[in-house]
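We just call them A, B, C, D and E in the order they show up, numbering each chain from 1.
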């Protein structure tokens, strides 16, 4: 039977003044992802990473001496369901915090509920920015952190002058491309956008797009294709004779901000070998934190499993929450919200992260990885410093 | 241009072709007011098709159909009905789930529009008219019976009743006694004679005894054309009719 | 507006470039056509002939795709030497597994529903949910894809500008082959006659000596088997996930209905015209507008010809 | 040849055929006469197996068929021409006939005899069955049944909707066929004149029971007329 | 007059009892025993029940299977959401304290337009500034759309499976348009963060004046729709619907314009669905294009089938049972709930084609009458037994 070693220091009525589901020995948190539907592909990794983090935290003695218990809900890739389940977690279950969501659409659907019911959400995905809620900690990168540095790299290192922007048709790719376009046209000398195209989520016929790309011969194919469509996109590129080698011969490259190890598992490494991705994390990152993390992840979820950028960001959530709760000495949402600024996580697999003082996003680095036949990335460039999150960038409106 | 006539039904030069095959070929047919006309002819002669054309189920390739001097050939089916043409199909076509009363009620010629039907009410006038028609078709005892469980002959009668209640000026009947027993045939013949008072009736039949009993005039069709026309006696002894239809 | 976009598309290209684009667009239309046709063939039998609105048709496609992935994985791990040859076997296996599954499903509940075609929609929707969940539990929620033998990869450079994808040609070949096969089976074989008689009037077909239950079962299973082959063929251009089949189902129904249910020629025509129109429009408009435009056109044409492009004229009794 | 014993058929709980027994010898034609709704069609359908029977036996050539499925009964030598013809409307005339070839070896070839018997079918062999007129369909239905080379032919009101001359032709054809193949024929009818031309024996069915039997020679018009009128 | 209300609207004694039981459940039992969260969930389900009721009318009775009913529902919802969003945008503009908002958003413009670089309100958004106009449009837009579809299709005698597939295609068109015209519709995110209606804080969960009030309004509207449905079904029009479902040609040759009847019932169904959509937005505080896709439209048909496609009241129970079952199973057995749900659909269609209403009816004939009484005979669904011998 578990007894709380620090109960004297942190009695329940002190650390929980708002009726959350916190007992002397446990604290219950919610986990809200899609385990069914089209987004299950991407969100499964997040579920697994959060579970791993929670297990590790519990093994270390929990948070304020309390073991974390999980109520998991399935958002079923359906935004209204996300909203319903979010409300359940906050209103009925009174969970201490929620780790969840993947798409921006699901986040937008639950955001009003988190604000209304005053809950806390740790959101793991790279996303479009333009948001800074006191009820959300954004553990993924916002648009500027992923895009600007990557474009600069393509321009400076690869000499790219013309860009073809491609995306799945929803807010994240559209906003990201908007920022990309402004950056290209305003801030990169002599560069221009030669095409911009969107396809619905789940689209699988890219023949026409590929022909357009062939015709425009951009120096950089900039791809923000999301989810299952990735597989068709890369396979068809390959079939149409567009490979990293053939591109290289003409001085072209393909750069993506949406294809991670998770997607490559489905695409097959051979189809993407030599393309580039700009992320903050790759499974192949060579540092001690990451080695431990990868080993632990594989031990828990099988040696076949892979870890993508978002999966790692999801792993940060429970750790950051633990650190914040301990800093605040309280599970109360307001206390956590107030204490979040400046919270660090030194054991982050991506190296080191810190929550921004005011906007609830993370300081993190940007990296370029080159895709390998085995489905992993070779990290070939890395921003020298942590990049400051800036969800409302000036001059990009 | 077709000139006005005294005929109830004046079909002129009517032709319909299905992928080149002329099922009805330049048929002209004139039916008087109050006349009971029987159309006979070999299987496949085009009799049913002719009725289909008159009631609008099939559209003619050429020719005209004048009913009380109104052109029917391009009118919508329900308009044709509302203009006073009733059609009985070869197999009984009634509403199996409704009672006899309801079958007749639904066929009552009021409340035929969407709003009309929404606010239609079962007034005394409606009830008495239904009763009247039910008597005529020998079904006044069975008003509350579900149509589904009527006998075959009764279903045929019910369908005739559903036409009668709208008091049409022209009734088209396709093989009304097929599958009826001898005595039912007799009763049907009576019924037809009665209802042809004051309106025109066109009947298709193969039962010569029955035809003899009811026909004012007989038209014989063959291969889409009119082969002979006249009284039953005349037609029956026509060599061509015997050849193609009656048999020796 | 769109016209303007249309014209401005061509600005700054040489005639040769434009010609090359048209050839490649034409071919991308052809491979889309193959996709549609392969998907629709099975449904043309199950829905066009048997009138079963099989909402789980996509899942039979998925079964075929997973079978292929399974065999490919097996080959990668246990028999790398077999890898260049496995694909034809995988297609056969895909057919077999989907056929068997269809056979069981027919026995399970389809056979009770022939008199209520609209109800088959609901029941098969339930089936599709169950199958998807089975896939999810067995194969995981992530995308999987088969390792392609080398001969299926890359493209054939017809000219300097024109690249014709090999997997596209393979798809085209497969779909033509399957279409001919299905046509021979339905229109020329004794078996096809049994099917056509049975689906039209089960009672009477039985009274002429046809074993209608067996015919029904085999027909349904065959339709599913063909979906399985389609699934195998698709692994050459895309991936498979538990819900992959649902992406195709509506398209497939539209192709079959547009062509005129029950007419193989109609299905081919529909697949061809929809695919080519989509491919050409896609190049000038964005993909979604192209899709919207085509759906609207299809709906419009269906209103003018409610029975689809190819109608067999039978008078109603 | 055909031996029916104590046959019972019901729709749900209401019995329609009640204890019907009769037999028909090789080359014999028997007629079941009866008014509408007396159970003729029901009897025919249960003989061919479209309807299940709740008791009794049906033997063809000594083989018990009452528990078999339709198609097995056809293999056992039964063939059926249903009321309303039930032509496969989207199949060509030729294909319609071909469906009847299930029981024979060569399933493609339609014998010339059939076309000799019904020349109109030859002229229309490429047309869709559904587009034929009623009488043409009736002939097609008989042809479809005959090509299976049955031992027993069941005909349900074959004269319904048929022109007088063809009724005569059908009667002639049936008599010919009977001679040619030594066929047993069971025909249900309401029309006495036709029956008298083809039948060797007549039964009257009423409310699902056979209530009267006569040899053709013994038939008295009045008795039959009594049973057949309301 | 009495007979009009008693016999027709309420369906006589048994119909009245059915209504009372439902009313007791929805108006008394649920509010007493469910917490605000669960009650709100019920409200959300009930807003889907409008479509199920609509489908009883047009599918169960009229034989018109629409697989795109979610479109009408969604249009209703979007109309309501548009109004609420403009109000929300005004609220934000009024409250705008932080420099951030002022600096980064266009005042008074919905947030999603801002994210999509739309700087001015599109013209077709203007009517939604006015509440009465919004209410009118909420019914008008879907009804007019249904009218156009109805006239176009029914005049051409498109029916059965063809109609179903075409409506499915329309549903898809709608989804594509709504999802991709993001600047106008909020795209795949939908229109979110709706809280007040003319200043009324309807999302408030604590008080009777908030979510609970919305719930009661929803229930009352359900009642209105059921009574309206009964009035239609007990009229001659109702009988004609059944008649034309079974024997369309006969109706035509009795002098009726079949197309106009079908169009009428299809329009009624569209308007009812739209009402449900509007109320949905009030229940949940946002509108999502996910609900205008093909899948939810099929679910709606399933609600109707499970309840019993010939039973107006059954449609409500069907919706509640399936929706609740879906929520419950997905919470309790996240891995297995799809099996349960899929299994239920197969079972219901194969074994209980008359749905819950049919089950209740066969279990207790008297109760069954109460449950499914609509003043119309029970439908002609053929029995479920196997074909042939």
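We take it that a residue touches a chain if its C-beta (ideal position, glycine included) is under 8 Å from a C-beta of that chain, and two chains touch if they have at least 3 such contacts.
Everything quoted here is computed from the prediction, not taken from an experiment.
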Task: Chain whose mean Cα position lies farthest from chain E - done: D
TODO: State the chain with the largest centre-to-centre distance from chain C, centres being mean CA positions.
DONE: B
Task: Separation of mean Cα positions, chain D and chain A [Å, integer] - done: 76
Open item on the list: Could you work out how far the Cα centre of chain A sits from that of chain C, in whole Å?
Closed with: 36
Open item on the list: Nearest whole angstrom, what separates the Cα centre of chain C from the Cα centre of chain E?
Closed with: 33
Task: Shared-contact residues (touching 2 or more other chains) in chain B - done: 18, 90-91
- [ ] Return the residues of chain E touching two or more other chains; collapse runs of consecutive numbers into ranges.
- [x] 176, 179-180, 249, 338, 388
TODO: Please list all residues of chain C that touch 2 or more other chains.
DONE: 133, 203, 206, 212-213, 286, 288, 313, 315, 317
TODO: Note which residues of chain B are touching chain D in the complex, please.
DONE: 18, 40-45, 48, 90-91, 151-153, 175, 178-184, 206, 208, 244-247
Task: Residues of chain E touching chain C in the complex - done: 65, 67, 152-153, 156-158, 160-162, 164-166, 168-170, 172-173, 176-177, 179-180, 249, 294, 298, 301-302, 305, 335-336, 338-339, 341-346, 348-350, 353, 381-382, 384-388
Open item on the list: Looking at the complex, which residues from chain C come into contact with chain A?
Closed with: 13, 17, 21, 24-25, 27-29, 31-32, 35, 133, 136, 140-145, 147-148, 153-155, 157, 161, 163, 165-168, 236-239, 241-244, 247, 278-279, 282-283, 286-288
Open item on the list: Using the touch definition from the top, list the residues of chain E that touch chain A in their complex.
Closed with: 35-38, 40-41, 44, 100, 103-104, 112, 115-117, 176, 179-180, 182, 187-190, 192-195, 203, 205, 284-286, 288, 290-291, 327, 330-331, 334, 338
- [ ] Can you check the complex and tell me which residues of chain D touch chain B?
- [x] 35-37, 84, 131-136, 138, 157, 160-166, 168-169, 190, 225, 228-230
